[in-house]
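Heads up, there are several structures right after this.
Shared chain: chain A. Partners: chain B in the first complex, chain C in the second.
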Partner chain A sequence: MLQREVEIINRLGLHARASARLTQVASQFKSGVWITRNGRRVNAKSIMGVMMLAAAKGSTVVIETEGPDEEEAMGAITGLFATCFGEDD
Partner chain B sequence: MSCTLHGTGVSGGIAIGRAHLVSHAKLEVAHYLVPLHQVAEESARFEAAIYQVRAELEELRAEIPATAPPEFTAFINLHLMILSDATLSVVPRQVIENEQCNAEWALRVQMDALLAQFDEIEDEYLRERKADVIQVVERVMKALSGQPGYIPPPTRDDAEQNLILVARDLSPADVVQFKQHQFASFVTDLGGTTSHTAVVARSLAIPSIVALHRARQLVREAELVIVDGAQGVLIVDPDDQVLAEYRRRQHEFEIGRQKLKRLRDRPAVTLDGVPVDLQANIELPADVIEARENGAAGIGLFRSEFLFLNRPDLPDEDEQFEAYRKVTEDMGGMPVTIRTYDLGADQHADPGRVITNPALGLRAIRLCLTEPQRFVTQLRAMLRASHYGKINVLIPMLATAVELDQTLTLIEQAKRKLDDESVPYDRNIQVGGMIEVPAAALALDIFTRKLDFLSIGTNDLIQYTLAIDRTDDTVAHLYDPLHPAVLNLLAHIIKSAAKSKTPVALCGEMAGDIVLTRLLLALGLRQYSMHSAHLLDVKQVILGTDLSKLRPLAQKMLRTPDPVKLRALLERINA
Partner chain C sequence: MIGILLITHGTLGESLIHCASHVLNKRPPRLSQVGVTAQDDPFSLLPRARALVKELDEGDGVLVLSDLYGSSPANLAARLLAPGRVEGVAGVNLPMLIRVLTYRDKPLQTVVTKAVSGGCDGVVRIPALVVNNAATGS
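Presenting the complex of A and B:
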């Protein structure tokens, strides 16, 4: 299992569209993907879970991946955070 | 499950009947149990609705033109993902199976649970994303409603008069719809004594309880319930002994009511010979029947905005004219005071607009003056109808001299236009103003100088004076007609109006409250307008009142700040 901490840097935080993008990407992998914030751990493949994480700009979350493609999954997910989910802001 | 719930009784009497769970919002749905052998079918019905909505969204996405901004596709993708999320596509099916309930209810319960989690989110922007969840749920609800579902079989005594409506809250629009039916009672989880539910229940003279908080959760569809409107008690699934006792009380109440009917044609005069004018408040032309049955001496308040509710279009001049003429003719020459539409705030026909402080916002005359065309249409309809009887025009929520002058100018213009068209109207038509804003009450001269009469709207006057939202049950208990500020304002209005020889009526809930009838009389009020259901009760009090003895007590009340002493004085007045 891999674990990494990332900071939310995009302006609106994990808002609906960013959550959707995250969920889509996470769902492409066989591995389980979880995100934890403030002790709340959600399945990153569930849009509802990700939206309810309520991760605003400046908050940090812990990403976990576990499974046959856990490294690729971790790379893709952390990449999303680093690039502000492909947003322009 | 037998249980007893306590709320605020807002309309007396006892109703015994079957619960019918309803509410006004699109997403408020009925709850009913599904027979065990149909649970699988119900679950499949839910699944089919999810499939249908998925197909709809995919179709929408396919139709997006390539030139559209990418947000469009992202938005639909988001909704598709929410739809497919196990919390919406799987959990409700488990609820259906575990609770044997209908699909709509299961979806609603699950949505509430999700939204409650959203509400805990601190970040405002992220919290508001729950709107997307609601939109998706709405689509599924719509799909469910379009499919043949399990319809609960009518129980033996399922006639409307035995149905007790259990709702979260009722809007004025719901109420108009419900008036076409004959329910035995309304009970709601929200609301205070002057909420719309309460006002309407009293106007229909049916028992009603508000602020029950959990009735919609604890009462099941078609369950037997007893509503004791005087005590504010709701008894769910009573045993035989309790049922028998309440049937006896219900019978006694009816006998008392029959006795009152005999007072119908007696003039309302105090023991010492002071005549009092008792008129009725109505909302729709059909309410005239009840007003006449209860011996109303006129219509003191026709809330014309009810003609505007529950319809996508606005009634045109001819339609309004017919409604006003019908009321006037049905009242057979007695005066009919029509209030120009008092929309806005909580009653606006456009529910899509969110207003943070509706009671202080664009409503009533303020709204009328911003849309003069619609207002003039109504004024013309009223003027034309005045040819067929005695119509008075009443302007709601006046606060400033400018509003008054603008309104009077519009009325004059409407008259001149009718003159040009040679359309007949009553040239002596009287124009009056509602006194419901404290500013108007304190600067009454502005209005007595230019108006023919005044009408005190105590519901709003109290709400504005005490800064209490009367629809908010967390503060509704602070709403107090006996607050010294309210009593002194009322005394001031009545006295100032008398000094300028301007007739003044009182048309709020206070007018129909028999506990206050004598106090108001003693303060100088001679014209009351109330729901027809109260007319005979109030008349009975007036017939037994010796006014000369009450004036000193009422004056003393105006000087008493202590609430306990105030109540003691009121008791002496009513003794």
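Presenting the complex of A and C:
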């Protein structure tokens, strides 16, 4: 299992569209993907789960991936955070 | 794929489709709506609603979502139902619609259960902390 902490840097945080993008990417992998914030751990393939984290800019979340393609999944997910989910800022 | 028909007051259904399309970044297929306005005789919309159900059903069934249980739109929805093939849930909100769109490739009974849980789970008291974070984040 891989685990990594990332900071949310985009202005709107993990808002609805970003959450949808995240779950779409997470769902492409066989591995399980989870996100934890403030002790709340959700399935990153569930849009409503990710929304419920209500993670704003500046907050940090822990990403976990576990499965046959956990490294690729971790790379893709952390890449999304680093590139602001493909948004302008 | 389960077809989804929204039967709501006014433009609520249209707006929900708009919002879900925005969030998911695509216009979901097999998703339509009937808006009931104060000028409408709700039951005159029945033929159109029936035609939409038929159109939306590709064999897996249709889920009809309405807003206020007991209201004319929901009463109209009730007339469309055929257990096991056309099911209905009232109290539609955006979380419900998004969850339904996520699970629509599952069997109709599962989608009904997900609609109810998604709608309820989406009703959350907002903790002040979230608002503070958002304020400092901008």
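One rule holds for everything that comes next: the second predicted complex is superposed on the first by the 89 of 89 C-alpha atoms of A that agree within 3 Å, B and C clash if a C-alpha of one lies under 4 Å from a C-alpha of the other, contacts with A are read in each partner's own complex, and residues count from 1 in each chain.
Note that in this section a residue touches a chain if its C-beta (ideal position, glycine included) is under 8 Å from a C-beta of that chain, and two chains touch if they have at least 3 such contacts.
All of these numbers come straight from a predicted model, not from anything done at the bench.
By the touch criterion defined above, A:65 reaches neither chain B nor chain C. In the superposed model, A:31 lies in contact with neither chain B nor chain C. Within the superposed three-chain model, A:47 lies in touch with chain B and with chain C [touch as defined at top].
In the overlay built on the shared chain, the residue A:14 is in contact with chain B alone; chain C does not reach it.
Once the two complexes are overlaid on chain A, the chain A residues touched by chain B in the first and by chain C in the second are 13, 16-17, 19-20, 46-48, 51-52, 54, 56. The touching residues of chain A, when paired with chain B in their complex, are 12-17, 19-20, 23-24, 46-48, 51-52, 54-56. Residues of chain C touching chain A in their complex: 22-25, 95, 98-99, 102, 118, 121-122, 124, 126-127, 130, 133-134, 136-138. Note for the complex: chain A touches chain C at residues 11, 13, 16-17, 19-21, 46-48, 51-52, 54, 56-59.
Those residues of chain B that touch chain A in the complex are listed here as 71, 74-75, 77-78, 81-82, 85-88, 114, 117-118, 121-123, 125-127, 129, 132-133.
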